[in-house]
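Below, subunit A partners subunit B and then partners subunit C, in two separate complexes.
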Partner chain A sequence: MNGKKKENHSSGRTSAVRRHEMRSSLSRILRDLIRRAEKLEAYKAQIWLGLWAGGLLFVWLWDFLFLNAPERAMLQIAFGNSMFIASVVAIWTMVLGWLLAFALEFWEVREKTFLKTVGQFALNLIRSLPQIVGVLLGYVWITYLMDQGRLAGSVSAMLWMAFFLSLFILPEVVDMLRERIRHFRQSDFYNAMRVLGIAEWRIINDDILWKNSRIHLLNKTIAVFASAIFLQCSVDFIISVGLSTRVSALNLPTTLGSLLANIDSKQDILAIGYSLTHPWYFPNLFFVHLQGISVAFVIIFTLFALFKMTNALAERFHL
Partner chain B sequence: MMRYRVHIKSWQRTLVDSDVFSLASNEITVLFGESGIGKTLIAQAIFGLLDPDELHIRLNGQDYKRYLRSQEVRDLQRNGFFVFQEPSTHLNPLLSIGEQLNEGSLARATNERPILEALWQQSFERQIAPLLKVYPKPFRPSGGEKQRFLLAMAFKKLSLRNAGMPGLFVFDEPTGSLDNRYRNIFLRELMQAYAQNPFTCLLITHDYSMISVFERYHSAMLPHVHFKELRRKRGGKVEMIDFEPRAYTDWLSKQRATSGKFSAENTVLKVESPFRVFGKEFFFAGENGSKHHTLQVRGGQLVYLKAPSGLGKTTLAKIIAGLQKAERIRFELAGIPLNEQSNQKIWRRHIWGKRLAMVFQHADEALNLQARVRDVFKGLPGGEATDPQKIQQGLKDFFERSVNERFLNQKVAYLSGGQKQRLNLLRAFLLQPQLLILDEPLNGLDFESLRKVIEMIQRKRAAGSGVLLISHNEEIFDHIIPPKDRYRLHTTT
Partner chain C sequence: MSRQNLLREHLGSVVFVSLVMLFLFFTQRPAHRVAQGSFPDEVRILAEMNADAQDPFQNRLFDDFAHTLAGKDSSKFLRVWQQLKKFNRAQMQVSERELRQKMANRRSFAELLIMYLNFILIYLIVMAVTYYGVQTLGIYFFVRKKQGHPLPVVALLQALRRVTEDSTWVNIRRLLRLAFQYFAAFLGYLILFSPAYVIAYSIKSDFNTESVLFMILLGVISNAVLITYANKFYHLLLNESRKGYVRTAIVKNLESSYRLRGGTLRWRQLLALRKNFDGHVLQHIFMNARYQYLATFKEQAAFLITGLIIIEMALNIHEHLSYELLQQLLYKNYDLVVLIVWGIFLLVKATEFFTDWLLLRWEKRLETQ
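Take a look at the complex of A and B:
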């Protein structure tokens, strides 16, 4: 009896030890997972960049398999055009923003009141117009040029579109850069360098904007890229729906916004609403209504991924 | 003996890695070491003040969250106190000073008035009581007053302590905003409290002249005072080693006050007394107390300007450097007459980097932390200052090591505080200005760097530059600069 008791006791102890070991190894695995997740936190922006690329690749593969060739080609052109315009907007806005911010601050330091007032007035004039209205006015100019036959080729039309978009996104970039310059102008390092005879243009451009604001610039570039896509899609959608055929978006290069306003895409989007009341229709969205769904997905997913990237950068670098 | 192994890492890099950090129980440990080496971080980690979610911390091999839950850290906090180096960050702006002096367990200590009177050496009713009603703001009370209130809190907590209780009192740069008189009063009060009821104390400081104060006034307590230094080893680890106080006192005794060779006609700075800033009249006095001197610096002369903390020494330096406006002032800088109405264009065109160079007091703020070491010298005016060979030689002189590519490409932010300060000084020393203003040039330096910087200042003077020095380190500069070259800044209000 005693032997059995001892056996039971020892087997009980063994299982207790096992349970303890299992618990501790489980908690070790959990801790390890948490640590890995924490490490991944630092690469959130890169992860979202990867997810964006992956998502776009997935849509392209799906469309390659299930969307007819002419519509797929149109989608590719629209996507390419939209990305081209947004990239040009991002580059122009950042370059123009840098130049203008530097000029305004430099004129302020050098007490060039007239030049500063003119620059500030021009910036405020742009700021006084709502972005979308400003871009629409820009499109009026583009259609006028087209009407006059002065705008040949889609690249020059896209460059004009990019110019107007960047013009109306410009103020927020200038504000951000000026805020950075002003922040550092209050600091000792700006004065410490000036007193040693280092030129102001070098301190502002190299030390403040380049060395101390690169992450801000990168973050803003991504945000500008996203703004450009959003504005462009909004305006292209509006003019594609609202303008007469005399001055029609058909003359302008195809973009994601104009493709979304296309009659086929509109029907595809309406199908989403239909599938809400007729759930068995839902699978058709991914095979029958692919053009509109793809365009909508690319726009929304791109904006969402870009938003997540800027947020991740802001969190990581405490912007 | 309380022994600690501390490892602190941010997501980017290791901040502190120390295998040996020990505090003698119920003794006083005075800890020196260049700024940025990790003294404060280690003390805060031990006292349980760091955020385990912000940093990866291991203390004695265990996870920091577990350490924070331990009885050990609770005892240290319950029976101890932490005086932060920046008094403004310690005080709550939404509670009056009086309320904060009686917050929590401090309310049980009823000896507030004698402590305050001892630290102020002034009438309680007239000078101290009005301050108790003040809600702390960045500008009021002054830095020195805020610091004394924090010290008063620590002394109140000390009076509550029963003998034998485990606890830790950390004084992190407790005299950073105090002049020498109040520093000595604080040390006197500390030693009296210790003599009555010994406690474990960690006193973090850069002020090597404390050694002289201990030796001069508290020699009987010296067996209970341990001078230590935190030093970086090869491989990045830091170690706590014994600091031999004689190394400092012997070096100091060898310093001789010499005026150097300068010509009376070669005046590079002449500031008339009095001048007016922020509604206050200021004037210069000689070391012997004679008033209304004209502050005068000649080429090849080292002039020392003293004043209590917060009085306006740095403000005056900035006015001379054209970075700030006075309400009324007249001065002459290397032959250029200037006053409160002078346009900054004059400084930009004729003075900055040519006739004048100034070294700001906080290297952390005066240098672009995102720049690489080699970038610090970019854009300096004049051929010599940008000559790579001259820069290399200067770096070798200041850093006493082979200056390799890795060091030159290192980000300034990742240098230790002492290295930053030396870089901050070197940048100005490469220029050949007629007047060099040095604002607290010994800030954040360890003893080795301090000796080197003194040597470099002397060399600069010998090369013909006039040097205007602003510093709290009176003991050191009084040894180097003769009384006739020392001025005191006073205000009439």
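Take a look at the complex of A and C:
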């Protein structure tokens, strides 16, 4: 009996020692992880980019497993179209914004008052019209072109959409670029370069905007991309809900916004409210109501991740 | 450009746009439209010449003309006349139907004015709430940053490490609380970034989403308005806090502790309508950041109006201005569309004018000081 007790006692001690060893090794691993994680502060933007890509991949995999093929194909097309339009908007807005900011500054230096006033006036006019109204009127123009048969193919329709979106996002980019130019104009290096005989356009384009404002440009491009997605989804949703009888016949390209306005997606979104009052229904959202939930999640998560990216860049580079 | 010039420019653009809008308004009054359809060009040309296929005199004249000119081949001209009859009938039907629909959906000026005033009221309330929310949330983010909280992943790992080293109930609870806090914050962010229509549709079946109160709530929390501008304000505070005068003030022993429990800062101060942090360095940072924030107010106003329009349009809230804009677009009542767009433009311009006037007054006050 005594022998057995001793054996039990010693085995209990051994397991306690083992547990202790396991705990301390786990603690060591966690300490290393903490040390590594603390260094991540500087890479927040990249991490959010990774999380965004990872989140989208996860949604795609989930949909691959649980969403039927036709709806999944529609979701993929809508996502692709939305990303294409937003990318074109980001590129056009930055290029147009750069050109316009440069032109306005150039006219100011050369004292071309009339041109500068006209440019500034037009810009302020665009700014004073809420983006959604401007883009909506732009869409009316697109539907008119489609109605007349002058706009064939979804790519040209998407390019027109991108044009109107970039037109109404443009003022904020021009403001940012002009602010940068004015900021550097007050510094000594600007005057020094002018005295050295370096041309105005080179100082603005090369030294101020390219060499000293690239990170601002990157940050703004991400913000423009996010604005484009938000506006595009909103307008497409509004058009699909409010103008559906006229526009559906014209076949505007499917985007995340129009897919969300689809009757199936709307039912899926309504199910969220139902599951708030009937909690046992909640798991169904991720299996039965996948189309609408996926579209809504992709839109919101994209906006959230892009916001986090711009925020991280702004904090890191003191923008 | 000086602020006084800006004010002048605002007036100039209001006059210019108003003239353009008035011109469009009067030129876009309802008119009959030409019927659409697959009719040959000859028929359209005859229609444009106001040829009436029902008129026996014109019919006889056309008949004689065709016989004289084409002889035996005149039958194809007579077919054109038959098609013109169909074209006239189609034109009448289409234009009448369209016109009936257009007229039935038109709104009187008084009705639109009431909707417009209602829109302005909602806008002002949302603006006021957002103004408070942006500052409160921005300061809260700033204070948290200054408190030096670690990254969420680091905080979670630290709590997990404490649990592995000492598995007491207190440590486990702390870990769970932290995990819950971060999860709730993530959900909160998702709500703040949700477009209004997603939130509204998700609770449409259980709540009345057409009430004004709900619209105000949606206007504040959705479409990322609050979070975007709170973040902007937070960055203004952060940039201000890096300036030399702040460091000098801290060196000269001005209170700079950002602890909310047991420190000089209080939750009450943070949540107050008129924020005041007297005796704390935050007061100076806040005052200077607020001045810069006012300059972004114009941008925020346009963004906010965009949000409100989205809410009214996407939720199909009847008897509201933006819904009406969509309806009038649908029925091609472009004169009313012009009127509504003009109203919205004037509202944005009024906000811009007010902001510039406020900044001008502030600048003058600073100059005299």
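Everything that follows uses one rule, which is that the second predicted complex is superposed on the first by the 277 of 319 C-alpha atoms of A that agree within 3 Å, B and C clash if a C-alpha of one lies under 4 Å from a C-alpha of the other, contacts with A are read in each partner's own complex, and residues count from 1 in each chain.
In this text, contacts are C-beta pairs under 8 Å (C-beta built on N, C-alpha and C of every residue); 3 or more make two chains touch, one makes a residue touch a chain.
Every value quoted in this text rests on a predicted model; they were computed, and no experiment measured them.
Bringing the complexes onto one copy of subunit A puts subunit B beside subunit C with no clash.
When the two complexes are overlaid on their common chain A, residue A:V118 makes contact with neither subunit B nor subunit C. Of the two partner chains placed by superposition, only subunit B is touched by A:R202; subunit C is not.
The partner of subunit A that touches more of its residues, comparing subunit B with subunit C, is C.
In the superposed pair of complexes, A:A53 makes contact with neither subunit B nor subunit C. Judged by the touch definition given at the top, the superposed model places A:R127 against subunit C, while subunit B stays out of reach. With both structures placed on the common chain, the touch criterion links A:A16 to neither subunit B nor subunit C. Once you line the two complexes up on chain A, you'll see the smallest CA to CA distance from subunit B to subunit C is 6 Å.
In the superposition on chain A, no subunit A position is in contact with subunit B in one complex as well as with subunit C in the other. Residues 23, 26-27, 30-31, 33-34, 37-38, 40-41, 120-121, 124-125, 127-133, 136-137, 140, 172, 230-231, 233-234, 237-238, 241-243, 245-246, 260, 266, 269-270, 272-274, 276-277, 296, 299-301, 303-304, 307, 311, 314-315, 318-319 of subunit A are the ones that touch subunit C when the two sit in their complex. Partner subunit B is touched in their complex by these residues of subunit A: 39, 42, 111, 187-189, 191-199, 202-203, 206-207, 211-212. Interface residues of subunit B facing subunit A in the complex, by the touch rule stated above, are 11, 318, 321-323, 345, 348, 352-354, 356-360, 362, 365-368, 370-371, 375, 378-382, 424, 427-428, 431.
Chain contact summary for the complex, subunit C toward subunit A: residues 1, 9, 12-13, 16-17, 150-151, 153-154, 157-158, 160-161, 164-165, 189-190, 193-195, 197-198, 201-207, 223-224, 227-228, 231, 235, 238-239, 242, 298-299, 302-303, 305-306, 309-310, 313-314, 316, 323, 325-327, 329-330, 341, 344-345, 348-349, 352.
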